[in-house]
Amino acid sequence: MNHLPQAWGRPRDDIYGAYDSSYLQSHGPNQHTQQPIVTGTSVVALKFKDGVIIAADNLASYGSLARFTDVKRLRTFADTSVVGFGGDVSDMQYLDRLLTSLDTEEAYSSSGHTLNAHNLHTYLSKVFYKRRSDFNPLWNQILVAGLDGESKPFLASADLLGTTFSSPSLATGFGAHLAQPLLRKVAPDEEAAAKLSKEQALEAVKESMKVLFYRDARSLDNYSIAVITKDGIDLKENEKLEKQSWAFADQIRGYGTQIN
Amino acid sequence: MCLSALNPNTRAIVPGAPKVQQTTELQRPLQIPIHPQLLTLRTSQPTLEHHGTGYDLTNSVFSPDGRNFQVEYAVKAVENGGTSIGIRCKDGVVLAVEKIITSKLLKAGANKRIATIDRHVGAVSSGLVPDGRHFVSRARDEAASWRSTYKTPITTKDLASRMGGYLQAYTLYSSVRPFGITAIVAGWDSELELPVDGQVGSGPSIGSGGKVEGMTFGGPGLYMIEPSGMYWGYYGAATGKGRQTAKAELEKLDLAALKLSLQDGVKEAAKIIYVAHADNKDKEFELEMTWISNLDGPTKGRHQEVPKDILEEAENLAKKYLEGEDDEETKDDDKPAEGDKMEE
Amino acid sequence: MFRNNYDNDSVTFSPQGRIFQVEYASEAVKQGSVVVGIVSKTHAVLVALKRNAEELSSYQKKVIAIDEHLGLALAGLASDARVLSNFMKQQSLSSRLTYGRAIPVERLVSSIGDRAQTNTQHYGKRPYGVGLLVAGVDETGPHLFEFQPSGMTQEMAACAIGARSQMARTYLERNLEKFGACGREELVVHGLKALKESLAQDKELTVENCSVGVVGLGKGGKGLEGFKLFDGQEVKQWVDLVAEGAEEKEGEGEDEGMEVDS
């Protein structure tokens, strides 16, 4: 899967050849979502000693147009988990409402117990799989961050195909290419992540967000970031990337008009 | 089968047997406000004369003098149930119920009778407990379906209207019986202009953005729905066995002025349940209370149980109040006791 | 044929606001043999008396495992119990599939309560003729629930339903204070003693006529000791403890122990 949400879930042209659109007919079988419209780009997340840090920028793009610049792509669930959404924004809104209704149902009982991040991830992955099996996918890749049943840090991914995986660090979209290697450097495995302090993890995530802003044309330097621990969620929705340095930019060759 | 439950499109509202169509306000069948109690004032209580006439054997059948006896009998089931009350305060609403302890073997403090309908709405009922659960289940479905249609929480008033319609439908058919409950629904409709559910941004940063200056929203809501489907809004509502006593107490509070604070409302509610129970002293009971405050208050607009310490404080005050009532004439007995303490 | 005009179906209220058909259904529960349930801080147990139709027939099934974390005991129409328990198994499995979570016991019990209520409000249906005791463990610890044909469900500290169950309930009420601190073995013994109270005069507890179901928290209060059903020789260990004669000795021992503790 590459960084373009438009390409997600399609057979790769370089392997299977271009899609033969003559198969598409205006009358005929039902057509569901064929492509995302308004999209969010990367979500990055990293486990640390006491919890998980997750971040996503506040941009919703309409194709290559930076259309909405205040879109919050980290959604909280029951003050215990955070879901970060990449991909289609309207599908994200739909899923967010689904999570609200789930949260309401959980609050019917006053026991104080609710679904943990692990339960939430299982549920969302089933929703994705059901929808893709109906040929009507929800065009997202998501990261679920929180704590599992044993109050250990939990981080896992689910996507429009119903695919799931888990790792001490995860990133969606462009981040899977650019941020993931950086995060793996600080947390190559679970043992390493379990030794990370919150400060170290924060620094690694913020650095990843900065690199993504440098190199991903569909990104923004306004972002949201959440730290999830057993004490709850610390969510900041209007952060600005600090200490940007564009000195590398004039070394770039091969794009646009160049004099030398 | 399990996966179909995931698809919100198939998450249909589970209907009761009568085909109650999801209708709009205008399409809804007219509710004929036949107040069973008012009618029984005019005519005699159902006595032997009705036995054998057959008019009281089937739901949805009028007797020659225009009564639906099965609905009146359902009210009888309510009148035997534990007392429930609701108080509408200036900064919130409180619900309380007298739970008669029918067995020593019941787990203390479990078996909650006040239910959360949506985050901001609670409900309690007197009468047949399983019918109360049916009511709650339907109310939750109504609140959820409202949210999925309008992307905003249902108001207490709209919920009462929907549930009034639902209960009324159970008086229309001979294939069902009416609900053997009277339910009290309490909610706090947010005083802020709410975001649309699932909203991602905050709208345009310049201009009014469709917002109107100085507009007010929301507030407390309290409604009581009877087996006939009839409902009214209330300042203070009471139903169940001790309703007469409770009503008398509620009337003393001048709730219409809307000056009572939620904190005081909790104390009054506990007191009223204790006073209403005094007529039924031989049975033990548990007091259960929930509340919904405004957004600045202790529950931040959510329906929650009254915290243990506040509940206990309210119960102690209620007990003290009752003792005071009993000891009015025997005050002299207390004085030596106080004297003793001072000597120590 | 009928006692009065108001008891023909479950959609008719009597002038006193009663529904006789539902009350009659509760009588069906009393026709079933007795079952007892007790819960402590760590465990929930079900103990049941099984009946056989005749000497040569097998004994009736009284305890059903629903899921890893819960099971039930029934008194009344066993076929109604099978309908309800199949539904409960589906609900439990569905929760595990969609959320990866064991269904909270209260939620499961409420779901059959809601189903039973429907049967009391619609013409052409009849109330279920069975009472259930549901024992299980979830995130909030061990639980015991009683289910009645009316759709009433209640969380109990201890409970007994079925024929002559009043005597068992009296035993439970007398010993209620002790249950909280009991371990699984003591709890089963209390259950059997309660069961014994309800026996007909010429009957006694045997390995053939006893079923025991146990579920609890794992060792040290962590994890789960899954629901396990004990039948036949597996219940000998406990039946012997409450047998005639053994009981006296057992009782004395217990009393002594208590005194030493205090």
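Before moving on, here are some points about what is shown:
Letters A, B and C mark the chains as written, and numbering starts fresh at 1 in each.
The rule is simple: a contact is a pair of C-beta atoms (placed from the backbone, for glycine too) under 8 Å apart; a residue touches a chain by one contact, two chains touch by 3 or more.
Because the structure is predicted, anything quoted here is derived from the model rather than measured.
The chains that touch both chain A and chain B are C. Set against the Cα centre of chain B, the chain with the most distant centre is A. Of all the chains shown, the one with its CA centroid nearest the global CA centroid is B. Between chain A and chain B the centroid-to-centroid distance comes to 43 Å (mean Cα coordinates, whole Å). Once the centre of each chain is set as its mean CA position, chain A and chain C turn out to be 48 Å apart. Centre to centre, using the average C-alpha position, chain B and chain C are separated by 32 Å.
Shared interface positions of chain C, i.e. residues touching 2 or more other chains, are given as 97-98. In chain A, the residues that reach two or more other chains under the touch definition are 123, 126. In chain B, the positions touching at least two other chains are 3, 6. Residue ranges of chain A in contact with chain B, taken from their complex: 60, 68, 70-73, 89, 92-94, 96-98, 100-101, 104-105, 107-108, 110, 123, 126-127, 130-131, 134.
Looking at the complex, you find that chain B touches chain A at residues 3, 6-8, 112, 115-116, 118-119, 140, 143-144, 147-148, 151, 197-202, 205, 304-305. If you check the complex, the residues on chain C that touch chain B are 5-6, 10-19, 39, 90, 93-94, 97-98, 110, 113-114, 116-118, 120-124, 144, 150-152, 154-159, 169, 172-173, 176. Within the complex, the chain B residues that touch chain C are 1-3, 5-6, 16-17, 46, 50-52, 56-59, 69-70, 73-80, 103-108, 110-111, 127-131, 133-134, 137, 170, 174-180.
By the touch criterion given at the top, residues 97-101, 104, 106-107, 139-140 of chain C touch chain A in their complex.
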